[in-house]
Every structure is written in C-alpha cells, then in structure tokens.
Amino acid sequence: MAHKIAILGASGYTGAELVRLISQHPAIEIVALSADRKAGLEMAQVFPHLRHLILPTLCKIDEIDFSQIDLCFCALPHKTSQDVILALPKTLKIVDLSADFRLRSLSEYEKWYGNPHSAPDLQAEAVYGLTEFYRDDIAAARLVAGTGCNAAAGQFALRPLVSAGVIDLDDIILDLKCAVSGAGRSLKEGLLHAELSEGYNAYAVGGTHRHLGEFDQEFSILAGRPVQIQFTPHLMPANRGILATAYVKGDAQNIHNTFAAAYGDEPFIDLLPLGESPSTHHVRGSNFCHIGVTADRIKGRAIIVAALDNLTKGSSGQALQNANLMLGEDETTGLMMAPLFP
Amino acid sequence: MAHKIAILGASGYTGAELVRLISQHPAIEIVALSADRKAGLEMAQVFPHLRHLILPTLCKIDEIDFSQIDLCFCALPHKTSQDVILALPKTLKIVDLSADFRLRSLSEYEKWYGNPHSAPDLQAEAVYGLTEFYRDDIAAARLVAGTGCNAAAGQFALRPLVSAGVIDLDDIILDLKCAVSGAGRSLKEGLLHAELSEGYNAYAVGGTHRHLGEFDQEFSILAGRPVQIQFTPHLMPANRGILATAYVKGDAQNIHNTFAAAYGDEPFIDLLPLGESPSTHHVRGSNFCHIGVTADRIKGRAIIVAALDNLTKGSSGQALQNANLMLGEDETTGLMMAPLFP
Amino acid sequence: MAHKIAILGASGYTGAELVRLISQHPAIEIVALSADRKAGLEMAQVFPHLRHLILPTLCKIDEIDFSQIDLCFCALPHKTSQDVILALPKTLKIVDLSADFRLRSLSEYEKWYGNPHSAPDLQAEAVYGLTEFYRDDIAAARLVAGTGCNAAAGQFALRPLVSAGVIDLDDIILDLKCAVSGAGRSLKEGLLHAELSEGYNAYAVGGTHRHLGEFDQEFSILAGRPVQIQFTPHLMPANRGILATAYVKGDAQNIHNTFAAAYGDEPFIDLLPLGESPSTHHVRGSNFCHIGVTADRIKGRAIIVAALDNLTKGSSGQALQNANLMLGEDETTGLMMAPLFP
Amino acid sequence: MAHKIAILGASGYTGAELVRLISQHPAIEIVALSADRKAGLEMAQVFPHLRHLILPTLCKIDEIDFSQIDLCFCALPHKTSQDVILALPKTLKIVDLSADFRLRSLSEYEKWYGNPHSAPDLQAEAVYGLTEFYRDDIAAARLVAGTGCNAAAGQFALRPLVSAGVIDLDDIILDLKCAVSGAGRSLKEGLLHAELSEGYNAYAVGGTHRHLGEFDQEFSILAGRPVQIQFTPHLMPANRGILATAYVKGDAQNIHNTFAAAYGDEPFIDLLPLGESPSTHHVRGSNFCHIGVTADRIKGRAIIVAALDNLTKGSSGQALQNANLMLGEDETTGLMMAPLFP
C-alpha cells in the first residue's frame, strides 16, 4: 500500500520538482498539495507541465487532514517553514526543504538569517539531511532538514577530504556556478530572462552567502575544530545546475583515493577518473552528482569539480531520497532516471 | 523475461535518448549498441550523462549477433539506414528512426531525398510509425518507420481535421518553431552556440523541407485526394521542443470538438480547453503532446498550436511507444515520466 | 551646438536604449533623465552598462526645466504617457514611445486599450512614427507617436504590398516571433529566465494583441477600405529580435519587385535577394531591418520574412531616427552602428 | 585622409568584430579582406550582419597589394599567423591577434604551443599588446601581439597588485568564466548549441591552458622573480564575456587603492566602489573592463572580479586600440560605444 504524503508549498519550483519525481514513484501517493495564495487552483494551472497527472487541488495548509498523512514535505520559504511546522502534529514525519532547521546552533541561525528561531525544540530534534553522510540518523528521524543546494554541492566536493585530513583546512576556496532556479520563483529584475541570459556575475561576494553557515557547521564538526572556507557563488544563465570548483592544498591522487573510498558504494555519487572534470550538462534533471579531481601544475595543489542539479540532488531529489529512508523504502526508489541531455 | 534490443547508431541524439528512456523500462534490456566511428568506446565516453548505466561497449554493426535480439532500433542517418536494414535478418523486428521508410511512393522518396531507394521491398513492408493513427498496424508490423519530428507535430495538429473535413484543405498554413537538436549532432556553423543562441530564422522556406513528403502522403490519404499544405520551419535557440502553429479555415469550436473525439482516450495527447495555447516548456523531456485551439477574430478561421519534444514524442519516445506495441507491452511503459520544468 | 533633450522614463529598457544610442550621437546632448520611482539614483545604479557615461542624475518629471529642452523622448508606460504629455509645454517637441498616440480613432484606442483617451487633442495632432512612410510629416511634427515594435516589423513586411495591391488583402497571416525585451522590465513569472529560456509559446492568440489596432488602421488607410489581418505573436527565449513571417497570396517576384521599388533608397531597410531569408541574429543591436521574399511551392503564394531588433529599429532607434528629422539632422545620424554578432 | 588597412582572416569572429568596430571609425578605411577558403565571396555572404557595409570582396592574401596598406590586422589561426607575417613586407605595421608573438621566450612558446617558432626575429621585435601597460611601446612598434582574451582579463585583475606587491604572489587563484566565442568559429561537438547551452564545465583544468604562458611571463617580469598562478577556465553558455574571479591574499582596501591609482585615468577600465562586483552583462559588445574588489570574511583575503567582452576588449577592440596608437590617432577613436544591454 502506498505511503500517503503531502507537499506544503507546492507552487514553487521545489514543490513542482517533488511532484515530478513522485509521479514515477511506485510506493508514494500524493494526497494533499498546499499553496497559500493559489489555493483552489489545480496544479496544472500553476504548472502546466504536470497537467497529465491526477493530483489533489491546491489547498490551504489548515484544510489538510494530517492524520491521513504518513510524511509531509515542506517546500515553504525560510522562516514561514518553522512557524508552519511548529503547528503540525508532533508525530508527523517531515522533510523540510527550507533553511530553517539546517543549523544546530540557534545563534548561528540568527547570525545568518537575521531573526531569532521560533521553534528551538524542533531545531534540536532535526537531522541534517545530507543523505550520504547522515543516512542512519535520517532513517530514524522524524524531522529532516534538507540542505542548501550550494551547501550540498560544496560538501560533496569537500567532506571526505576534511574528514580524512588530506587537505589544508585553512585554505579552501569554493567557487560556485549556480543556475537561476536556485533563487526560486521570485520576481526580481535580476532573474528576468532579459537581464540574466547571455551573462554572469558573482553575488554574495566576500563570505556573506547564508549557505556558509552550513559549511562552517559541518566542516568544523568533521575537523573537530573551527574551519572556515572562502565561498563565492556566481549566477549562471541556465535554469538548472551547480558546478562547484574547489581549490585545495593537498595531493590530487590522495584526494582521489579518499573520494574513491568514501563514495565507492554510493548510488548517486559518481567519481570520474583522475584528471577528468564533470559538467552540469550531464546531471540535468537527475539525482546524480559527478565529481572530478585534477592535480594543478603547482605541486601540492588540486582542483575538485562537482556537478549536480540544484533542484534534484540539491533539493527535491535529496528530499525524496531522505523520505525513502524515513518510510523504509529503498533509498533510490523513484530517483534512478537518467539525466536529460541535450 | 526482458526483451533484448539493440540500438544501431547509438552515438547520435536519438540513440542517446533511446538509452535514457529504456534505462527506466522494466521489460527491455539493451544488449548491443553500435556506433561505427566510435566503436570500442564506452557509451559514457560519448555521452557522459549516461555514465551511471551499465551498458554494452559501442561496437560495429557486424559485431552484433542479431539472433539474440528481439527488436532493433535503427538511429542511423538517412540513406545509411536502408542499406544497413537490407542486410539485417528478415525476421528481426525493427523500428527505424530515419527518413528511409516513411514514404510509400518510391518516386516521392526520390523526389524529396534525391536518390533512388535501395530497398524497395522493405519500403513496401514498412508501417508508418505515427502510433496514435497506425496503432494496430504497428502492433502487427515487423518494420516500423518512425516519422519526422516536424511531421509528427504537424500531423497531431491537423490529422483529425483533415479526416473529419472540418477545415478548408486548400488553405492550411503550418508555421513550425523547431529546436536545434532536431538537426542532430551535426557539425555546422549555424548550429554553433555562438551563431544560434539569442536569435531565430526561417529555413527551407517555400515548401522545400523534406517532411512535406510525409504531410503530402498522409493528408492526401486521409482526404482521398491530393492535399498540399504550406509549411515553414524556423530554427529556435533551444535544444528541445517543436511548436507547431497551424492557421486553418474552419470553426474553432468544431475543431476543438473534433480533437476531443479523436484524442479523448490518448494517453500522450492532451487537448487544452478552447482558447488556451501550449508551450514547449511544458513538454520538455516527455512523451506528451499538448494541443490548443483558438478562434481568430476573423470569423471562420482558427489557430491550432501543438507542442512536443522533438527527441521524445517526435522521435525516440515515439520509437519506444511503437516498440512496446510490437513487443506486446503496454504502449505507455517507460514513457510516463513528467516533463522537466523549469 | 548640440540639441538638448530629455528622456522621461529612463529606467526602462527603451529609455536605456535611447541613452546607449544618443551616447554616440554627435549633435544631441542629454540634459535630463526622469524615473519616478528611482529619482535620486544615478543611471549607472539602474543600468550599470552605462556607467562610463556622464549623465544627469535621475529625477522626477516636475523637476525638469523644459524651457531648456529642444526635444523630449517619452519612454513611459501606456496611459501614463498621455497624462504626462498633456502637462508638458505645448511647444515642446516630443517623441512618444508608448502606445498612447498611435491610433487616430479614439474609439479604436478605447477598444484596444480599455480606457477612454485623456488627451484627444494631442491624439489628433500626433503623427504616426513609422519613419520610412511618414518622413515628411514627422519632420514637420511636434508630437510623434512611435509605433509598436511588432507593428513596425509587420508593416515593413507588408505595407508596400498593401499599397501596390499585389497581394490578396483578405488573406494575410502574420506569424511573429518576439524577444522578451519587448515586454519591458516587468516582473512577471513568465518573463523569468527559468520559465522562458529553452522554450516558446504563442500568446494573444486569435487576434487580441493590441498592435492589431495599428495594423487595422494603417492597412485600411493604404487600401482605402477595411483590411484585417491574422496576427499571432510568439514569445522567444531571446532578449532582442522580432522575426515576422508573413504568408500572402501573390506572386513572389512581383512582391520582390514591389519591395525593391519601395525600399531601394532606404538606408535601414535591406531587401535580400529573392529566395533568401533573414535572421534576427544579423540585426541585433542595430537599426536595420532585413526582408526576404520566397515563393511557396504552391503557385501564387509567397512567404515574406522580416527581421529587426525590437529595442532599436522597433522602438528607440526609430525614435532617434524621428528625432533626427524633427531636429533637422540627417536621419541616420547616430544610427549606423553595425549589428552585434555573435 | 583615412588610414588604409587590411584584415587577414576576415571570416572568423575576431575578423568580423574588427569590421564591426572599424565601420564606425572616422579615420580608417578597409581596403582588403582576406579569407583563404572563402576567397571570392562577399563579406555579407559570410557574415550577413555586415551586409549594409560596402566592403572589399574576400580575397587570398597574395592578391593584396600591401604597398597600399598602412596597417594590417592578422586574425589568423595560431601558427599560420607567423608564417604569413614572415612573408609580409618588413615595413608594414601589423597588429596580430593570434598567439604567435605573445611570448618572448622561444622555449616558452614551444612549451605551450608544441611547435618551434618559425619567425624568431619577429618574435623578438613584437610588442605585447596589453595597451594600458605597454602604451608607449605600442605607439612606437611595427608589430604588436594582441593578448589572449583570458590573459587580458586576468591581467587587468592582477597586474597592478603584482607590481605593487600588495598580494601574496605565491597564492593567486584565477577562476575564469569564458563565453563560447572565445573558441572561435570552430566546428566541435562541445560548441554546438545543443551541447553547450544550459550548462557549464571547467576545461584545461590543472594549469594546462596556453594563456598561462602569458601570465607566467608578465607576472614574473613585474615581480622580478618567477610567479606562477593557478588558473582554471570554465566554458559558459553565452556568446560573449569573460568574468575573472581572482582569489588573493592581501588587504581589500589596499588593493582597491592600488587599482584606483593604476586605473584612475584609463578610459576603458572602470573600477567599481569597494564591495561591488561587475557582470559580463554590462560590458557586452563594448571595449570596457569593469573591476570590483571585495574583502572576504576571512581577514587578509580579497576577491577581485573583472568583466570584459572577449571579442572586443579581449581581442578586436584591443587590436583597434593598439592600431589607433600605432597610427597616431586618439586611442579611444571608434571604441566608445556603450555596451548592449539587455
């Protein structure tokens, strides 16, 4: 019998991506879709690409009977998410895609997001949702906090190296190239086609991007001491895809070996042969992450490049992967579709 | 037990799209992939987006043991295809994606393609592969000829109307907007990103595009007398998607009713409410075709717009749909994935 | 001595395009730039691509001393424009880029724009700004109404033919492909990069686009009797460029001859050899319009394709061309820059 | 009286860009255009965006009477260029856009380009064409070697800092994002629209890109000792634009002051206020380079971002700027056009 799920915030890109993925899942049934301002509309009116599916009409959250729901995906904006989840049944399994439960420290949360947290107990309960590294905790969790999409890409490129101590922890530079869907369906001039296509720029330069909170937290835990990286995201004229280029000090072969050991059994992480580099073209629409390692001409330095789809592996695919674990399904169910190329 | 298939010409876009689709098919197994000039390479070297799959090494056609094969997809260039298929076992089921077996008349073939046909017997045997209209013939066929992608889009927008006689057959204008992958992986200046992005142009203007041969053949059969339409394709700065805008003389409501009757039970053809128009954004990567009908302000005229993905519904998706029929599988197996948006 | 001009509504795309063009004009000086909501900002803050220019700070309209101004460009939204111009000095030369003064008939205006006109006297005074066809009137005019960008493209493709009576006036179909900047800097979901790139769709299908008011007016004047065309615009994943494909009944050679006679001396209209078709790629950023004529395979039918840049020849370039005439300068001054390719 | 110039290799992008720029130059006349394989064609057939210009027919190099030419632009492929220039009159002024004369050391040339240099005397004579730093030498030179487009962007972002010693010379990382036109009009699968749009990837990872030869040479000269940087270029889905992100160790305010002193009087280099970052959107089609400096959150580290158009400031614009100096014209003549946005 299928697990019954609800998606809160179904009118955004991550909500739509969840519907796309779940529509092919053999053991999950969507029984409620909420979208506050679009309640009463059909999903096909908001996202015509889903018009072939039979889906519940969009509703307000308080119209949902959560006693019928096995698991709830929250694809709501930051801050809204914590207030909504606070009001949900305490026994409901939840995968949250917002930033609200990613940081363990309330003060770090307030530092990066600018407001005090309104659900500190939930914060304490939440498990960080980077599946490959918190698999057992996630399987046992009630509330899982999906990672930032940039944070996911950066961690896939760096975590095993920080853990293994094979790179200099005080000199890590992460230059990210991010597609525009990462900004969501927000109406901003800079996200208009006319202003974005055919060009690129850095943003949040100098270490001000909120996903640094996740990097700081996770890398410091792994290293057992404070670790701060440099991180500069760049906005790309593309809809999907994150390319993370990491510049590290360490031996490339050693780094490659470390990745091979860490990712050898991972169904979604694909390590390229030493000296090859991935492309976001080759992961589009999929849950895969491709990673490449190359030695620099300067001895003792290496470049790591990771590519993933921000809406899939970086967000909704990760969320479904976590939900599979929480529901006792095989982790890969509904997620093995090949990337779309060209 | 899975049906064993081969794909000849696996290094082109339609070959790769077949692999993408079949990788999710529960009852089909790929046992051979040919690519003449790339024989010996792994598919992942030619198409890194498929690197997560376990696939046979690319080989030459004559290395394939066809006695093991239940069905063979031919994704070879025009002209090559007929020569290759001529040499294949006469009992092998074949879905051909080239133009070689689309036209019933050898003289029409020669007129549009410029060379005499080298396999007239096969030509006579081949069934035209527009699934929705040749379903029973396809199920019983040994050799099925996939349609042109533009020809598919145009026929979905017009066939029921020609059959029903609800439009003026002597005044049909079809203005197509076609994505660049329709041209295949050919190395031409006009297909370079630098020359194609950010602009558009008509091509094969004046009724010289080869897919007119298919329109002429099919519409004339349906009408029981010669029918010629005007057809102008335009090259778009996009990778996937055909938008067919048809200008016809007829009553819009009548046209809409005709479509509703013709397509009501079709799993892949989706008729929008009268007055709405589809977008290629909403079919990308899927096997769906969306169709809209709108009355013009000038009485007695209507505009029909059809949208599909040229590589999926227009080519490889159609091919798999046909293969499903030929193999006794449900027609929709492996083809119900939702479109990728954004 | 330079002519002093003001640009009202400088924070939109047509305003910025005027500044781009005028920055290279030897005889025009920008002395005022207004932008209501952005008053107080520098133009470089609103449009960083203009940061190398020394420009007046953005101000509110009522801060401008119009006694110092020789000519005023109004790049304001529809409806706002008529109210603003009503309050300007009656002796001021004005080039209006909005839709407010394009239609001669007040009832047609109200029909297409939905509100009664608030400046009927100005309406009566205004000259329609399609330079190539109203050159003498424009040179003598005080108030010139810039045409719609689609209306310009369509008229370049059809006016000489309607005048000469070489095509069937009751069967003209105009299928337009329009870039996104034509919609201005508006914050709409459909104009976001994520929703617009990589796809295309028709809009205002069925004869509801407002530029039809201009086609009806102008073609009916030329023909001396009511003429209505079919017109379907399509939104393209590109920033600049209109491609107008016109389907007409008439002899292609005759049509080509008619164009050659009409446009032979035009500096900005470039007729391609019979059988060739233009591309928007080749007019980007320029004031040129390329036109091609091809005979259809069906005798007595022809396809005309016209390409121009909607922000330049379709709007701000046309406006400057008109201003040159009104100021006694050579019509081409500041407008002969070559297109940007690739 | 106009200076007479020839362009060798006019059928490539940099050749076409030279024609675009020179078409607006008041004191330069194009008297010959060569294109070996396209000799006999008109430029408008090869580049229809230039069809409004009256230009010489494309010819072979040996058909040109160089005694009539004041200056010759060579936009030929690497290696070809040195052989061609060797055969040109020794008194002819030449601006070479290829890589052939950029490196002073013959062994470095051979190391990066893989063949021995065939014109070592010319190599010795050539002046490196980064105008802002070799202005006087260029004005006096006979043969000027245009820089690599990536090399130009990287040097604008770093030279004053290397000279002033305000950054750690042993830890410079340059992450470049490059548009596709930088690869020229080459027919490669990876440059097809279908393979390039909507994604991005690093290439020449690990310090293997040839422009490193220029960085090594120039930075080592400035520093008075060997300097090697890390440099990773990334291919972007865009036609024009380089964004250079440099990660350095040094004080951001100090770096900003150093740039202000170095570039204060430069007509084409525009330093943004401290903490702001440029975008390639805002330099497209222009000869400007925008530079931004931001302090990282980690004390003592800074990020520098430079944006320019690879075909203009990075190549043909630079070439014309140099030609102006060599011909005694004002350096900015014909180069002050505003960028094209959107």
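We call the chains A, B, C and D, going by the order they appear; numbering starts again at 1 in every chain.
Keep this in mind: a residue touches a chain if its C-beta (ideal position, glycine included) is under 8 Å from a C-beta of that chain, and two chains touch if they have at least 3 such contacts.
For each chain, UniProt lists the protein as follows: A, B, C, D = N-acetyl-gamma-glutamyl-phosphate reductase.
Not measured: the values here are computed from a predicted model.
> Would you mind telling me which chain pair, C-D or B-C, is linked by more contacting C-beta pairs?
B-C
> For A-D, find its twin among B-D, B-C or A-C: the pair where over half of the contact pairs carry the same residue numbers.
B-C
> How big is the gap, in whole Å, between where the Cα atoms of subunit A centre and where those of subunit C centre?
Centre separation, subunit A to subunit C: 45 Å.
> Can you compute the centre-to-centre distance for subunit C and subunit D, using the mean CA position of each chain? Integer Å is fine.
Chain centroid spacing, subunit C to subunit D, equals 36 Å.
> For subunit B versus subunit C, what separation do you get between their C-alpha means, in angstrom?
From the centre of subunit B to the centre of subunit C is 39 Å.
> Give the residues of subunit A that touch two or more other chains, as numbers and ranges in rising order.
As it turns out, subunit A has residues touching two or more other chains at 13, 181, 194-198, 237-240, 278-279, 281-282, 284, 342.
> In their complex, what parts of subunit C are in touch with subunit A?
Of all residues in subunit C, those touching subunit A are 13, 180-181, 185, 187-189, 191-194, 196-198, 237-239.
> Would you tell me which residues of subunit C are touching subunit B in their complex?
Where subunit C meets subunit B, its residues are 171, 173, 175, 177, 194-203, 205-208, 212, 228, 230, 232, 234, 236-241, 243, 245, 247, 275, 277-282, 284, 292, 294-298, 301, 303, 305, 307, 342.
> Using the touch definition from the top, list the residues of subunit D that touch subunit C in their complex.
13, 16, 19-20, 23-24, 47-53, 181, 197-198, 239-240, 270, 278-279, 281-286, 288, 290, 311, 336-342
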